[in-house]
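Given below, in the form of structure tokens, are the structures.
Look at the two complexes coming up: subunit A is in both, with subunit B in one and subunit C in the other.
Coming up: the complex of A and B.
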């Protein structure tokens, strides 16, 4: 048997999980390896259920979950390579940040000195070094989120699972945590991060998984997924003083099949091929001699994508 | 507190001020915020991989064990025991070793052998049995309360708060988790119950200056008592942890434990008084232990039913409790966060 066969960090095959009459995850299959992947979906989509299944907190009713090729419910060894930040995990509030991270490091089998030194490093990495001797109960929400990330990183995992890590954080903490996540992805680690704030995911990664009502709706690069949505044309919004003159110039161009005037001073052009439309855009504008102040792609973002996928 | 005094003539900062009085107007200084505050700071997010080796299973298990046990003495990285619980455990321990004080005073005052003090607190079959299995105060007040306090939140707190996820998201198996919780409770109970028993026996010999003959005479009795104390710790730990595993409330598991210990005893006592049969004592964990202990130490048995019934009942109680504990933890789904 060849050793070259790469086992994905996360492999979920036909997994379903229901809580009584309520379905949490419905026949989901996916494989994830390397980089940062955003898990998206509205509340109740099944994001946290998926993470709990990955972390062996709950058992699937159907299908199998494998981390590094091993079922975590049967064998906990994959957790040596996994760091997990749950959405609202209770922490040991009476402990200092240093004690907390160090104590959990020892649950991985580190010696006291190793645990202390590693705890110091990860607390420094998440920007809590100066307050590491303060009790967690006195930390702000952002600091608590960061100490959770620190404890998930203390054993240098290959797979990091972050359930709503930005929830409740102030803008500075959000930026700081997003930088941490991006940096981990850059280092080649597999990072799964869930959020229902789409702009945040867009700032972190282009690789996404979209869940809705427990079902997997889409998986892959955000722009590649957008291109696959043929029934929802791409829109380009142009702000100009003479929208009708400009619209006239666009009619007849190959990639453009429709124009609209949504409001005063705005022209919306519709196309099925966004890149081709952008390539003709400069020429048409120049030839029409119309002054253009702004060009936007209003539906080429995660929010529109999610809206199209979920709303049909 | 020190503030930076910045020379206004230096051009580094400006302060508009009304010069309305003469005091200090001639000094061209102003107290300002520290200049560093306006400089700002960017911390480097420099992640350094760890290339050490993880310790084996026992290292991880010891981390769980120490977290639960050392919390009684310090809170650095340990489970937080309420000061009231710590104080109560201390009081129970002092109560458990109180016969040592009497032995000490009797040795100081030269009490007569086989005198009142010696009969009440000296080493003999009854007192060795009583040190562990005597009903008042130990099994009425001390041991059940001690167990209820220690075991109350041991698993139920994890279930309620979702902190069991802290263990289950690490390479800690549910078997290890259960074993270390069990061991932690047993060690805390053992420290108070078994250690106080051993201390009593050892110091009784020391204070009374007994020789090898006394040791040889009393050692079998001591070992029988020791076995009983170990059985008591195991039984109370099993029942207590089983209750903790089926509850999300430390209060429920503690009260349920006390109810089982006192309730079964009370019902059996009432039936015994009314119908003159001791058979229902087989439902009482304490009485099964007491019955077995009386036989082990060669005391006259207080119960009219067969000893084997008590022994079988004791084994069943432990088996059922451990079965409940293991099945609850092995199927524990951490849905609450």
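Coming up: the complex of A and C.
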């Protein structure tokens, strides 16, 4: 299939893109070939800009973008081997899933029959075979995401780019989509998945790229990042009528190393191991017989992790 | 069975067939999208409504115009003598006097003595008229009734004898008396004659019949003639004088005297009185129509003598001419200027813009398709809908009007080339406006619609301007001008006698609007050939459209899509 096996699927060299005064991507270079790669970054980090550059929607101000060695702004031929799932949630709601996938398959030059059978095949792969003749407008959020993935896979691409594919899905759909992505990676395809949630990426792949404020912050194995993460202090904010009583109950629990009362009716507990803290939390609350109205994780987002990484 | 090309590839997967499939897929998607939008059906429905209304109007009005109409009004019988005006005109009688009709007795002039003539006596058996002088009768008819229509000077013999000696005749009877009367001093006497006892009469402007010698008093006059015997003339039905004098034209295109007074009201062959037939066009030939052509065979003028070809066959002339006017007007205004503008405004403006705004453009652009091709295929999808719509709509209206239209044949086949011209013109306009609006939608996604409306107003005004004055130069800057040229040219080709019909309409006063709605094509490069105008106009619109599509493609290729 690929004659140019030495050329990486994705090659981005010193690319900068700015919109007026706002910088989207700042001097990013990366080469990706084979397996699933997570593109991680908070909102506004430049993930979508990077994907738009890859998909030839926008032109870099500096540097070069190459897909299979070809500039996608000048030439659409790489798209024969690429499947793209955009972050847009809009679809042709009046079409059935089968129709949608098969119509777009024909844009790859397939005949109507080829397109129909390929569409059935990929819809089965993403688990929408049974509802393929239903209108997309009647699909659930997760089904909509999966039909988008199906259209991107219909021509059996070598490179698949998914922009926030898990966004807004319920846990079941999320698991199902993650399995699809992992399966694609196992098939030896190059897959790019973006997300602003570390946990999601962690469950799909070990290979990650972290973008922050348009810059490439880290690139490599997720465990290296995990080590940093473990040292990152987490806070859990509990809203309760009796914060002091609850604080007493927490003392002596292994993952928790400190408590604080930031304001009336609030308790802040500090931990280095967020998942362990979460596993003891329900038991402690039940045993202390204190009424809790709300639990927040103010640090459980990539933003604060990245702030920590940069600052740390 | 698989076909293999020179490079050994399976022919079904060469680049060209793949392009074909992509084109098919995008075109089909576009058609389905447009079909799924309510606005599409609204604008198509309004178009059908407009054409249906025009058809109703056509059916209603064209039927009236087929009714034979008395263009010259000579089927009326104003005096109720049973002879219509047309028949009275032929015999030279009056339609305002019930005693004066074809075959009624008539006074025929024979001679007169004027106020300065010599000699001043005349002898004979006559009816005397406006007689001033002395009559010495051999006999005088005292029983004859008044044969004159507007002459009340006929002697009323029933009043009895009247002697000059007894009535105090003045010493000089042909001088006015003190009371302002001739002859008699008694102002109560209103008679215009008296008799001397020797039998001689004095006549003061009297009218009478008799044989004898008449001496005209110097300075006065008399006239004499005879009254014809009455004879029977069959009364013509009024319907004979409707459509009785058709336009006669032998089909030549050389300046000549044509036309014939079919009903005889110009030639006046049956006149009892010798009368000069009309030559009001002054070509030296009585009762004809002078057709004048220039050296190229173009009709310049038709001038008819009065009462010649004045009441043509209405279904043939007015009916035919109104029918053509309807088709031309509908083609130019309803099809080219209204459908031609509104269909693209609703269907083409958002072809790419809406995809971009809806966020569904990504699906299409992440496929191996050149953006330029994409625009082209989108336009193809739009055209598939509007072109089939136009063709079907034109065919329906063509079919209905060709069946109920005037003429002997069951179906008017000669209409179809014109309808095809209208269809072609509308399709070209749809291509041109579609590519303009699509491009505008790309460049100005938000405010493009206002620009398009402005453009549409310009095109509409230039279209109206072209219909009235096709030779004006400024209209050449609009698409509608060239589209209307196409219709004008096809009319010239399919109905080559339309200029003739216009001339006839103008010359014989048959007002049907054909001269307003149609003019011969202008852009013939001096050849006068409608085919040249047709080709030039088609090529112009196509080049414009291609240019517009190319501009759209260039802009879209360089456009960053967020």
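The definition used in the following text is that the second predicted complex is superposed on the first by the 218 of 312 C-alpha atoms of A that agree within 3 Å, B and C clash if a C-alpha of one lies under 4 Å from a C-alpha of the other, contacts with A are read in each partner's own complex, and residues count from 1 in each chain.
One rule holds for everything that comes next: contacts are C-beta pairs under 8 Å (C-beta built on N, C-alpha and C of every residue); 3 or more make two chains touch, one makes a residue touch a chain.
It should be emphasised that the depicted structure is a prediction, and the values quoted were computed from it without experimental measurement.
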In the superposed model on subunit A, is it clash or fit for subunit B and subunit C? clash
Quick one: is A:118 in contact with subunit B, with subunit C, with both, or with neither? Answer first, second, both or neither. first
Considering only touches as defined above, state whether A:58 meets subunit B (first), subunit C (second), both or neither. both
Touch check for A:183: first (subunit B), second (subunit C), both, or neither? first
Would you mind checking which one, subunit B or subunit C, touches more residues on subunit A? B
Who does A:77 touch here: subunit B (first), subunit C (second), both, or neither? both
Tell me which partner A:94 touches in the superposition: subunit B (first), subunit C (second), both or neither. both
Which superposed partner A:86 touches (first subunit B, second subunit C, both, neither): both
Touched partner set for A:66, first subunit B, second subunit C, both or neither: neither
Contacts for A:108 in the overlay, against subunit B (first) and subunit C (second): which applies, first, second, both or neither? both
Segment of subunit C that clashes with subunit B, given the candidates 45-53, 117-125 or 207-215: 45-53
Which subunit A residues are contacted by subunit C in one complex and by subunit B in the other? 52, 55-59, 76-77, 79-80, 82, 84, 86, 88-90, 92, 94-95, 103-104, 106-111
Enumerate the contact residues on subunit B facing subunit A in the complex. 43, 45-52, 54-57, 59-60, 63-64, 67, 75-78, 80, 161-163, 165-173, 333-335, 337
Complex interface listing, subunit A residues touching subunit C: 52, 55-59, 76-80, 82-84, 86, 88-92, 94-95, 103-104, 106-111, 151-152
What residues on subunit C touch subunit A, complex-wise? 12-13, 17-19, 21-22, 24-26, 28-29, 32-33, 36, 358-360, 362-371, 560-562
How about subunit A: which of its residues touch subunit B in the complex? 19, 48, 52, 55-59, 76-77, 79-80, 82, 84, 86-90, 92, 94-95, 99-100, 102-104, 106-111, 114, 118, 121, 124-125, 127, 153, 155-156, 179-180, 183-184, 187
